[in-house]
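Please find the structures below.
In what comes next, chain A is part of two complexes: it sits with chain B in the first one and with chain C in the second one.
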Partner chain A sequence: MTLLLIVLLPLLGTLVPLIGIRAGRTYCAWLTALLPAVALGITLYLAPLVFSGNVPQFFLPWIPQLDLHLALRLDGLSLLFVLLILGIGLLIILYARYYLSEQDSMGRFYAYLMLFMTSMLGIVTSNNLLLLWFFWELTSLSSFLLIGFWSHQSDARKGARMALTVTGAGGLSLLAGFLLLGQIVGTMDLSVVLQSGDQVRSSPYYLYALVLILLGAFTKSAQFPFQFWLPKAMAAPTPVSAYLHSATMVKAGVFLLARMFPVLAGTDLWFYFVALTGLVTLLYGAYFALLKQDLKGVLAFSTISHLGLITMLFGLNSPMAAVAGVFHIINHATFKASLFMAAGIVDHECGTRDIRKLNGLWRYMPYTTALATIAAASMAGVPLLNGFLSKEMFLSESLDAHMLGGLSWLIPALATLGSVLSAAYSLRFIHDVFFNGEPKNLPKKPHEPPRYMRLPIEILILLCIVVGLFPSSTVSGLLNAAVTAVVPAGYEPEIDLAIWHGFNLPLLMSAIALGGGILVYALRHYIYNFHRQFRSQDPNVIFEASTQAIVRVAQQAIDRFENGSLQRYMFWLLLTALGFSAYGLIESPRLSGNLPAQSIDWAVAVGAGMLCLSGLATVFFHRRRLISLIMLSVVGMLVSLAFARFSAPDLALTQLAVEVVTMILLMLALFFLPQKTPKESSGRRIMRDVLLAGAFGGVVASLNYAVLTRPLQSISSFFLENSVPGGGGHNVVNVILVDFRGFDTLGEITVLGIAGLAIFKLLNRLKLFMPSSDMEGRPWSPERFPAILASMAQSLLPLALLVSVFIFLRGHNLPGGGFIAGLVAAATLILLYMARGVEWAQQRLDFQFQPIAVAGVLIATLTGLGSWVFGYPFLTSAFGHFHIPLIGDVELATALLFDLGVYLTVVGATLMILANLGKVTTPHRPSKEKR
Partner chain B sequence: MEALYAATTGILTACGVYLILRGRTFPIVVGLTMLSYAANLFLFSMGGLRTAYTTIIGANMPYADPLPQALVLTAIVIGFAMTAFVVILAMRARGDLGSDHADGQRSDEPREEKQ
Partner chain C sequence: MLDVAIRISTGLFMLALIFNLYRVLAGPSMPDRIAALDTMYVNSIGLIIIFGIWLNSKLYFEAALLIAMLGFISTVAVCKYLLRGDIIE
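On to the complex of A and B.
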């Protein structure tokens, strides 16, 4: 549980600065530091336990189906990183207090920083591969926010985007690698995975898992060829650079190498991929660090170079090299964080980071000069400082690498060359900036920074010196603990952290590095001149260009399918559906089942024939829209008859009523649309569509036949048995609608209501093409409201409404119900509109239909909710028998109330659709003004 | 009878699909309506084809499968709502774009269809 707090406290800490900023900037910084400080205290409290060889763990199941758990561990490696992350994090909080200006939102900055800290802590303490990946991605996201903190700057936005793209893509690769690794081992549990090194290395998937995981690590740690995002991320505020790009985020990649060392290392492939990538990165970064004119640019490339060094150490496949790698992680974090903070002070106090302008600052800020000099000396590998120790270990390990056979001498030679360059750029950083003449055209007059802005650097420099002087009494315990987590048990090397090993080859190489560094720095102008002949390429431009190229290719690929034509999408959609359903049929051994066929009687034969003919006629006349519509109505009628024939009176009634309103609707719509369809499909297109339609019809018919000739297994016996005792109704179809499947019906009438409202909205301020004549050019009949129809409709109204109520009431026990009754009522009212005109009807039906539909949905919902009052689940129905005078014994159920909701919704929605459509030609048309 | 029923469903489906593939909105709406008839017939037949059966308890006749009937009943009403929505959308598209082509071209000129 205490282990969880280490991650949880900084997470809670993201909220602290957002609230704390109201107390003022200094208080905000102190309050923000509080929770990480407690977490650091907890870590120190747990440290003795870890030193004694225990691994505190925490486990909370999260998503067992994915093998993803909130599992944490604190072994030596985790401990080392937790201390780095929290310790340097606290110093950064202090430093940022003075670095951020009044205009910067400090609360937001600290909140991002704490989020980032949480995710880093999560990475290093995760005991589950997926959880580790989760935090890994969280670092990408939170670093995006931090790099882009000054979002008004284009550089910051671009840099943040580039960092996110590169590390995010690496993160996806890492996920794939972890999934593969999890498959090989059979679990995502890290403690098991760490024990399964031999199993993983002998697996046929080892190569893929290795490459995918390394891609994740290399993108995060800015290894060649993914190094380009790191210099661009320097657009971030300097505290961010100091934290993310020295101690933490870029170290996540090398942490992963260390973490996976027991599982993946030890093979030739590991050496070639990791060590050689590291070597190339080491040299590349060092060379460019020498050339950069931007103070932070120098540090960025030197970071790349040092990350390459660490990567190379892990790649050498020797336990001692891994120790050196872990040791250099600590040392690099201390001296690079202090150098970044020193660079931030220079920037802050001088207003520029251009090395060509910055000169001779020692006169103005002697104290900062001294601190930066020590840090840079450590970076260069000057003896008596911590950087010297790990660099000498690195040089000595490079001598032991024999993987390149006869060319193995190249490795120490190139390692020395890298150290020479490292010494040279360290010297340049100090000499060019703090000495070497007078400053030129500085925007500000430089002076020493505030006392507390220097404090974090002083602490780190103190560490550099103390570790450099007394390595064995300071860090060896931590290093030992970390190494037991990295190196397989039994292979732990004897760590000898002495400053003096006698005169030997590594010492000579160190001496060459320092001497060569001075020489290279003295001759730097030759290198500048040499480099000037290359055209410098801005990685931003290349990155943006390649991003755009990828987007273009993707767009072209999309355009092949998605050209903006709905007609085309419809074709693809239907073709896909056809493919899937045809595949299902091909899979089944034969079409017909073993049920005996029923005989055909003449009524069915005639009906089916008419149905087919009218369907085909609808298609045949589809350019003459009115005729096509009339043919369609014949289809609808016959479908209704088919339902009646095959024992479904409810369906027949519904279909009949719907048919009436649909036809009225389509006729009305056709009035406003062209009366004819122009001929525009090519012969080929028609042929294609006929083939597709025919194939579709064939597949549907075959499917239908296959089902009809096979024995039926239905769950309906439940409904038939429980309809009367459970639902209180004899009409099972209706009971299913309002009771058993009432929730479906509720959803359905809601959709109906929404469709009505959407149509009402669509009709609002509709621009219309009002034809003044029919398609033959004849004017409309002056007899707009025929007298017979008018009087018939009017006298039918009460009768029809009575029928509607009757159908509604009997619905629970006999064919009928809310849907049918509602449609009947709606059709009657629409008939009135048609017979007497909108003007006439409007005077007599002076109300809106929207509230009726909404009330219907509301009644149905409330009926459902009502059962809660009596302690039953949603939509439980109750019923009983009542004796009503004159009518007699009536069985009433709450389902009837629900059905009333259905009834009102259907009436309201149908009239909302049709009456409003009819009104668009009149002054009563729906418009904003009227509401 | 099963074969005849299935063939009818198939023919209605084919008619609906062909109309849906047309370029103008009105035939598409007609096609959709046709397709929903076919779909309803298809779904309905999942309970088997029963003549002189019933779904009323106590009617002294064998019982037909009520479940597909209930499903199709709601499908008919929803189908109406969707048809209405699509046809009004088509009207609106014509009003706003000046064309009743499904691809929403701004003119009534027939366009060279991309293959």
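On to the complex of A and C.
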């Protein structure tokens, strides 16, 4: 549980700065630092446990079906990283307090930073592969927010996007790799995976898992050829660069290498992929660090180079090299974070990061100069500083690499070359910026930064020196603990952290590195001139161009299918359906099944013929809309006759009610459209559509025939058997609607209610043009409300409402139900509107329809919720028989209440739509006509 | 006896429906089509009632009742549309 707090406290901490900013900027920083400080305290409290060889764990099941659990572990490697993340994170919080200007939203910045801290802590403490990946993606997202913090700058936006794209793509690859790894081992539990190294390495999928996981690690740690995003991410505020791009996020990749070392390392493949990538990155980064004119650019490329160095160490497949790798992670984090912060101070106080302008700053900021010089010396590998120790271990390990056979001497040679370049750019960083003449055209007059802005650097430099002087008494315990987690049990090397190993080859290589570095720096102008021959390519341009090309291709592909044409969508939809169902029919051996055909009922045959004819007529008259509409109602009527003939009175009733309401709706809308549509389709197009429709109709008819002639086992028998005992109703259709599939119905009436409200809102205050005569130019009839119709409608109203209530009440046992009854009631009320007009009707029906629709949905929902009160699942229905005097035995079910909700929703929504659509023109009727 | 009567009347109603459909299709004027549609509703009421008598079921009476009522409403709507354009004013 204490382990969970380490991750949980910073997560809670994301909220602190958002609230704390109201107390002022300094308080905000202190409050933000509080929770990570507590987490750090907890970590230190747990540290002795880890040192003694225990691995505290935490386990909480999350989604067992996916083998995803909230499982945490704190082994030595995790402990090391947790200390780095929290320790440097606290220093960064302090530093950012002084770095951020008044215009920057400090609360937002700290919130992003804490989110990032949480995800980083999650990565290093996860004990589940999927959970690790989850936090991995979270770092990509939160670093996107941090890099793009100054979102008004185009560079920041582009840099953030590029970082997200590259690391996000790597994250997907990592997920694939982890899934493969989980398949090989059979579990996502990291503790088990770590024990199964041999099983993984001998698996046939090893190569794929290795490549996919390495892609994830290399993109995150900016290894060649994915290094290009890191320099672009320097558009971030400097505290972000110091935190993400030196100490933590880019270390997630090498952390992954260390984490997977017991599982994946030890093979030749691992060496070739990891060590050689690391070597190339080391040299590439070091060379470009020498050339960059931007202060942070130099640091970015040197970070790439050092990440390459660490990667190479892990790739060398020897336990001692892994120790050196872990050690260099610590050292690099300390000196690089302090260098970034120093660069931030220079930028902050001088207003520029251009090395060509910055010169001789030691006169203005001597203290910062001293701190930066020590950090850079550590980076160069000067003795008595921590950088020297790990670099010498690196050089000595490079001598032991024999994987390249006869060419193995290349490895130490190139490693030395990398160190030479490293010393050279470190020297350049110090000499060009702080010495070497006077500053040129600085936007600001430089001076020392605020006291507390320097404090984080001082603490880190102190660490550099102390570790450099007394390595065995300071870090060897932590290193030992970390190494037991990385190196397979029994192979732990004897860690000998001494400054002096006597005169040996690595010492000579170190000396060559430092001497060579000075020489290269002295001759740097030759290198600049040499490099000037190459045309520099901005990765941003390439990246943006390729992104845009991908988007363009995708857009073209979308346009082919989704061009906004309804006809096109229908075409594709029908063609696909046709393809699949035709294929299914071709697969079946014969069309007709075993069932004997029924004898032909001539009345049905004639009806079917009429149905076809009126369907065709609907299409034929489609350009004369009113006739087409009349043909459509003929179709509807014939279909409901067919339903009645084949013993589905429920469907027949519903079909009729829907038919009428639809017709009224269409006519209301039709009034505002031209009465005739122009000829739109060409002959070829009509041909195509007729062919497609004909083929589709033929296939559907064949399919129907095939299904009807075969014995069918459907789920309907379940409903027939359970309708009375389970739902208390004899009308199976209604019991299905309000009980078995009640949740569906609830969703449907909710949609209906929302649609009604949306239409009400859309029609609000709409004014439409109204034609003053019909399509043949005749003026409208002067009589608005014929007297016969009005009296007929009024006398029909009570009868129709009675029918509606009757159909509603008996719906549970006989054909009927809330939906049909609601439509009947709505249609009758609409008749009243037609006969008497909106004004008259609204005076007498003085209530709004919106509350009725909403009340309907509420009643249905509450009925469902009511079953919770009695401890049953949502929408469980209850029913019973009651004896009421005079009326007799009555069955009441909660389903009836639910059905009442359906009824009210249907009435409310239908009237809301129709009456409001009708109202659109009423106030604007032309006054030409006689009253 | 009843069986024969039902067959004959079903046939007659179907014939009526066919004539109605012809009138709906042929027109020529809009009121012709509307009158034909309304007559179709009436004839289908007859068909459903006969079917109910044949099956000896009371349920079909209600379907017929609904057709009578809703068919009336839809005829009114189309007529109102012809006369005034705006059916709810």
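By definition in this document, the second predicted complex is superposed on the first by the 588 of 931 C-alpha atoms of A that agree within 3 Å, B and C clash if a C-alpha of one lies under 4 Å from a C-alpha of the other, contacts with A are read in each partner's own complex, and residues count from 1 in each chain.
One rule holds in what follows: a contact is a pair of C-beta atoms (placed from the backbone, for glycine too) under 8 Å apart; a residue touches a chain by one contact, two chains touch by 3 or more.
In this text the structure is predicted, and so the values were computed from the model without any measurement.
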Self-check item: First, second, both or neither for A:L917, with chain B first and chain C second
Solution: both
Quiz item: Counting residues of chain A in contact, which comes out ahead: chain B or chain C?
Solution: B
Quiz item: Once the shared chain is lined up, is A:R685 touching chain B (first), chain C (second), both, or neither of them?
Solution: first
Quiz item: Between chain B (first) and chain C (second), which, if any, makes contact with A:S599: first, second, both or neither?
Solution: first
Practice problem: Look at A:S151 in the shared chain and tell me whether it touches chain B only, chain C only, both, or neither; answer first, second, both or neither. | Solution: neither
Quiz item: Which of the two partners, first being chain B and second being chain C, lies in contact with A:L814: first, second, both, or neither?
Solution: both
Exercise. In the overlay, answer first, second, both or neither for which of chain B and chain C A:N504 touches.
Key: neither
Quiz item: Touch check for A:R645: first (chain B), second (chain C), both, or neither?
Solution: both
Practice problem: Tell me which partner A:S723 touches in the superposition: chain B (first), chain C (second), both or neither. | Solution: first
Quiz item: Does the superposition put A:T2 against chain B (first), chain C (second), both, or neither?
Solution: neither
Quiz item: Same chain A residues contacting chain B and chain C, which ones?
Solution: 645, 670, 814-815, 917
Quiz prompt | Partner chain C, residues of chain A touching it in the complex | solution = 603, 606-607, 610, 613-614, 617, 626-627, 630-631, 633-634, 637, 640-641, 644-645, 649, 652-653, 656-657, 659-660, 663-664, 667-668, 670-671, 770-771, 774, 780-781, 783-784, 789, 793, 796, 800, 803, 807, 814-815, 824, 827-828, 830-831, 833-835, 837-838, 914-915, 917-919, 921-922, 925
Quiz prompt | chain B residues within the chain A interface of the complex | solution = 1-15, 17-27, 29-30, 33-34, 37-38, 40-42, 44-59, 63-67, 69-70, 72-74, 76-85, 87-92, 94-96, 100, 102-104, 108, 110-111, 113-114
Self-check item: Touching residues (chain side chain C, partner chain A) in the complex
Solution: 10-11, 14, 17-18, 21, 24-25, 27, 30, 33-34, 37, 40-41, 44, 47-48, 51, 59-60, 62-63, 65-67, 69-74, 76-78, 80-89
Quiz item: Which of the residues in chain A come into contact with chain B in the complex?
Solution: 563-568, 570-571, 574, 595, 597-601, 604-605, 608, 611-612, 615-616, 618-619, 622, 625, 628-629, 632, 635-636, 639, 642-643, 645-648, 650-651, 654-655, 658, 661-662, 665-666, 669-670, 672-674, 677-678, 680-682, 685, 689-690, 692-694, 696-698, 700-705, 707-709, 712, 714-716, 719-720, 723-724, 730-733, 736-737, 741, 744-745, 748, 751-752, 755-756, 758-759, 762-763, 766-769, 813-815, 819, 823, 906, 909-910, 913, 917
